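In the two assemblies presented below, subunit A is common to both, partnered first by subunit B and then by subunit C.
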Partner chain A sequence: MTAEKSSNTIEISINTDVLVIGTGAAGAEAAEVISAQGYKVAVAGDGGQDIAQSGRAELIEGAHIRDFAGVAGDFRACFVKDGQRLERNFGAVVIAPGRNVRPQAEPFGLSLGERVITLGELEKILADGNARSKLGGAAVALLLNLTWEGDPQYTARVLEASLAIQQLEGATASIYAGNVKVAAPGLERKFTYVREQGVVCFKPMEKPSIEQTGDKIRITTLDSILRKTLVAEYDYLVVEEKAEPSDRDLDLAYSLRLDTDLEGFLPSNNVHRFPVNSNREGIYIAAPGLGANIALRIKELFGDGVKSVPADRAVVDPEKCTICLTCYRCCPHGAIFWQDGVAAISPLACQGCGICASECPMDAIQIGGFNDKDLRRQVREAVAATQKPAIVAFCCQNSALEAGRAAAEFGMDLPAGLKLIKVPCAGKVDVEFIMQAFVDGADGVMVAACHEGNCKAERGNLFARWRVNEIRKRLEALGIDKQRLLFTTFASNMAKGFAETAAQFAGSL
Partner chain B sequence: MKSQNGKVMVVGGGIAGLTAAWELSRQNIGVELVEKSCFLGGHSIGFTCKATDKCQQCGACSVEEMLANVVDEPLINVHLRTEVTGLQNGDGLTVSLTKSDAGPAGGGILRGFSKNNRPLYVVGQDAGDDIPEGAVKITELGTEARLEVDAVIVATGFTPFDPSIKKTYGYGQWKNVITGLELERILRENKSLVRPSDGKAPQKIAFIQCVGSRDKGLGHLWCSQVCCPYAMRMASVIKHDNPEADITMFYIDIQNTGKEFPIFYEDVKSWLKFVRAIPVDIYQVEDERLKLMQLVEGQDAPAMEEFDLVVLAVGITPGADTPDIAKLFNIAVNEDGFLDGGSAATAGVFVAGTAAGPGSIIDTMAGAQKTAYEAMKFLGVTK
Partner chain C sequence: MIVAERKPFEEIKAMVSGYKKVLTVGCGTCVAVCLAGGSKEVATLNAELELALGKDGISPGAATVERQCDMEFLAELDPLAEQYDAFISMACGAGIQFLAERFPDKPVFPAVNTSFIGVNLDVGWYEEKCRACGTCVLGTTGGICPVTMCAKSLFNGPCGGTNNGSCEINTDQPCAWYRIHERLSAQGRLEQIMEISPANDWSNQKPRKIIQPGYEERIKALQG
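After this line comes the complex of A and B, so read on.
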């Protein structure tokens, strides 16, 4: 699939078919916008007849991913449908996350039933002319963000539903709320309007106590404004629906090697992934309203189906590789696979962070622009040329290098013996570079990374910190002051912080 | 370099304009990026990193990165210190540009917030020869021209709420009553927090939320979306730096910061005192400390409490020149006074960022991508 173009770039032909996983609103929107760009789209999931009927995408109905392999431009998905295996190739994948909805009746000691319903059930009743009539004359209480924090979309749904109830003959709606999430266009105005229409909003100081007796629901609260206990009776109680990551998404995260956030939602909580990227090139996370954003990323990835990429972004020496799979396991971008008996790195999926190169026990991987020989030479020169104390600072090009250069540019005081060495990511700072710096005569070594949670390679900064901690132990064992090795984190706009940390470090040496 | 897919003018060089310009250039569309001030980056290029030892996902570094992208992109032609004065709609759009009056007066020198600002320094007309290397004289900045483009994206941003309008807070009168934007500046330019009055580290700090937002009396029936996140993040930075700091937040409803909010909020609640009430009056007492009177939930009498520093979480209001811009580009204004994004789309005029309503850095970037996509559709580059 690859052809030599010149010595430093290669052309890769890309499969421009797109797999969308999920048939809900976000999946349908993504499918529509992507197919409008002229790419072939297949949508996998349950239901989704409307997508099939639109003619914009093929529907792989009821199919679930069993195996998944490959890299951006050349993914292979193996589905199981009706007991049959179905294998298909795609250039990119879009996941429309699902949500497990957990009704919050139990936290109040209640069970769902005729009178205790979820917001989703209420919305169905309100949408159905016949069913709706049973709410006529009823007093309805809606709970909002008392058992979980919710989000503006959920608040909007509660406001809409309570307004619809209030407009029914003789019916009243009351909202019992924790933090009302109005951080979305038009929501504060809506919240004000809903209250003007007669919907009462209580903001209890503590979690209300709720009892059901027959057809009546009694809510007792300590009201924060009136500062007394309020008791009110209702005919219906609408409990919250807490959103949790779907089981399907957790399975997908595992089989597609995607990072989730700490709650289990895709993708990881990393500002560089917003709004639609994941830790892997060519795999995108959809949400309603983000179809255009995904289309832009896919257009950029696919181009006209042939992509020019640097040939030396990350190169494996087949003579040295023993297929130990260290690189495969530590690559945060899922860019490494193996073929012909050695590890192979996709130049399209690889982001050039160099974690693999530093971790490879055989030193079999070299990163374009940052090969080991060059970096070792830079360390030697840095130590040889500097004034005292000689400090070698390995700086991530995304953060610390920018901060350090800004400090210099802005004329801030930097130690005279400080030399910055640019690395693609702190994850590319090999143990041997640090040791060599000391052997060559450095008084201090700084490994300067991105803050935890901000690394473009997800864990490059953690690898760097782990290595530094190990080396500090070794230094101590050798009788060398471990304070001469510093791990520190910066953002690109922290010129002042960089200058102060560097000065402090120099002072300590 | 000749662009292949048409040309778009982006008005405003804040994060929305930068993002839109960059996305257009990705699709090989030429961009004329017009910025009224002497520097690209808008409000957010001056924001502080809000990481403790962990990143808090504020997006300030993304602005830095986007600025670096844009200044290196040959398809994007930047016009600093330039304003749009006219728009003619014929076969395409003809935009008249003129020099703005922004910049340092007399012999003053201004520096951009980022090392990626080009130029980094702008000096006033009367500056002598002793000026920083690479500095540009104000008279050399600005474009006078009429340019033909295929579409326009208006990304003229917001005006922070002026808290002196709410007189009882004593902003401008008491030195230690500052805005959230001023706190950004203090944290960025000092390693740790200092009080404006004496440069000392404040121990007792109050944040007052919703200053100028969610305020029926002002007719501001919107949530500014950014203030809860920035206040909680900066409070975390202050607490991380000084574990003894005693921080209180007065609020109406706490809004989410983004992903993992429940985990973040639980942590913040363990050390930050949340009071669901908005104080009405601030008085200055001894040592330039500040006394707040507030009605507290569950208490009959108003409580008085003293603080070393009070931070007013000012919100986002429509850009001061919104009426002029609306008229110039024939864009409707919505009931909150922001530009109505879709109202001029058929004429090839689109709106991005906080000019259309409040939004965080990352939401603004996502929205600006979408606006760029709409402009591409208008050009026929996307469908």
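After this line comes the complex of A and C, so read on.
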């Protein structure tokens, strides 16, 4: 699959077929725009006849992923379809997430029924001409984001439904909303428009109390704008449908080795990534309206099917590798696999964070631009050349390094003996480097990472913190003051904070 | 694999005190995989020794061989050995002893405690699975080892202490024989639980040797 081009880049030929998992609206949209780019698309999932009819994509109907392996440009999916195994290769994968829906009547002590319905049920009634008439003249209350975080899509549905009610003869809609999520194109405008059309919107300061007596629903709420307790009666109450990650998505996250956010939704949050990217190169998460973004990312990844990549981003020495799988398990980007009895790293999927290199028990992995020999030499030089106290500061290039350099540029006071050593991610700071710095005579060592939740490599900062904590214990056991080793976090714009922390640290040594 | 844990530093330091030239020998197999004795642990331990004893107190060397339980790999250390007064071995107990056998005139100190035969649950997380009893009964116990998991290492169970899935010693300890019952019944071969496994011959707990089938002749020839 790879051919050498020059000593530092290689050309990789990429499989440019795309697998879309999920036949819903987001999946269909992604399939449509990706195939319009000229790539072959297969959609797997239940239903999806419209996709098959469009002729834009192949439909692998009723197929569910059983096993999944490989890396960007060369994924191998094994499906089960009608009890048969089916193996296919793809260069990229798009997941259209599914959601489980949990009606939120119970948090108000209510149960669903004729008068207490979910948003989904309301939408069905509104869509059906006969059923719709029963809402004529009715007062309807809709709850929005009172029992869960919510999202713009849900807000849009509630606004749409309210408007439809408001337009029925004699009917009125009132919305009781927590935080209204409007971060989607045109949604803010829609919210204003809906209110102009007569939909009343309350913003309760605390959870409203709701009682049902016969056919009437009474809502008592303390409104945060009017600062008054308001009581109103309605004919119908539309409770929220709290979205939860579907079981299928949780399974997919596990078998495709994807991180989820705290609530279990794909993808995990990372400010350094585009919203459609997952933690793995070549795997994207679709949402309505984001198809074009995904198509763009895929085009960037595939190009015309041959890609030039740095050959030395992360390289395994097959002589040293004992195939312990530590690197495979630690790589936050799923870039590592094994082949011919040793670990192998995909130069396309690897992001060069260096976490694997620092975790490898055999020091078998070298990172381009940050090889161990160079870093060790830098540590030695830093310690030898500096004034006292000699401080070696390992700085993540995405945050602390920028902050430290800016502090120097702005002429802020930095300890004279402080030396910054650039690392691709704090996760690259090896136990050995820190120990070696002390052996070489450093008075203090600082490991400076990104803030928690802000690591470009997802959790390189966590690895760094765990290691520092472990080494501090070891230093203590050696009779060395553990305060001489500091773990700290910065954002790249924190020049002043960097200078203060460094000065404080130097003072304490 | 064999799972080991690094010894507390104080213990290692006490053993090597007084030896200036020490070669720390890692092993690239089980102990590397369980993150206790590969080349990284060797480098880290040496740094700890230098920090604690000072560069004048100790000057440690580093070498990691493929496997310390194979003499051919230990032979690679021969040219190095004469430069050192003592060895630290980061291998399992078997490797440590084989290293000591290779260099009988020099002290060999263990830097790890060999803990068990186990499996990898996640990076740095292991679980014991087998006690090397020498009479494996997994075939009739649904693939669950009663010697390891049962507090009494019963070959036939459960005993009267089984307690809603837990062992009588405490509720966090699963009852091995309860699990065996569950697994065999799920596989539709529960009747096998009635088969009596004869008591193990625990006199086999003296040092054992194994010759794999097909190698008997070769070894007989070697032994002359």
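Everything below uses one rule, namely that the second predicted complex is superposed on the first by the 445 of 509 C-alpha atoms of A that agree within 3 Å, B and C clash if a C-alpha of one lies under 4 Å from a C-alpha of the other, contacts with A are read in each partner's own complex, and residues count from 1 in each chain.
Note that a residue touches a chain if its C-beta (ideal position, glycine included) is under 8 Å from a C-beta of that chain, and two chains touch if they have at least 3 such contacts.
Keep in mind that this is a model prediction, so the values were computed, not measured.
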Check whether A:F274 is in contact with subunit B, with subunit C, with both or with neither, and answer first, second, both or neither. first
Return first, second, both or neither, reflecting whether A:L230 touches subunit B, subunit C, both chains, or no partner chain. neither
With both complexes overlaid on chain A, does A:V306 touch subunit B (first), subunit C (second), both or neither? neither
Should A:V439 be classified as contacting the first partner (subunit B), the second (subunit C), both, or neither? second
Between subunit B (first) and subunit C (second), which, if any, makes contact with A:A384: first, second, both or neither? neither
Please indicate which partner A:L187 is in contact with in the superposed arrangement: first for subunit B, second for subunit C, both, or neither. first
Of the two partner chains, subunit B (first) and subunit C (second), which one does A:A127 touch, if any: first, second, both, or neither? neither
Between subunit B and subunit C, which makes contact with more of the residues in subunit A? B
Considering only touches as defined above, state whether A:E452 meets subunit B (first), subunit C (second), both or neither. first
Considering the complex alone, what residue numbers of subunit C touch subunit A? 8-10, 28-29, 32-33, 35, 38-41, 43-44, 47-48, 50-52, 64, 120, 122-123
So in the complex, which bits of subunit A are touching subunit B? 36-38, 148-149, 151-152, 179-189, 192, 203, 205, 222, 224-225, 227, 261-263, 265, 269-272, 274-275, 289-290, 292-293, 295-296, 299-300, 398-399, 402, 405-406, 409-410, 450-454, 489-497, 500
Could you pull out which subunit B residues touch subunit A in their complex? 23, 26-27, 47-49, 51, 53-65, 68, 111, 113-115, 120, 188-191, 213-214, 216, 221-223, 225, 228, 253-256, 258-263, 265, 276, 297-300, 335-336, 357, 362, 365-366, 369-370, 372-374, 382-383
Which positions of subunit A touch subunit C when the two form their complex? 320, 322, 324-326, 329-330, 359-363, 430-432, 435-436, 438-439, 474-475, 477-480
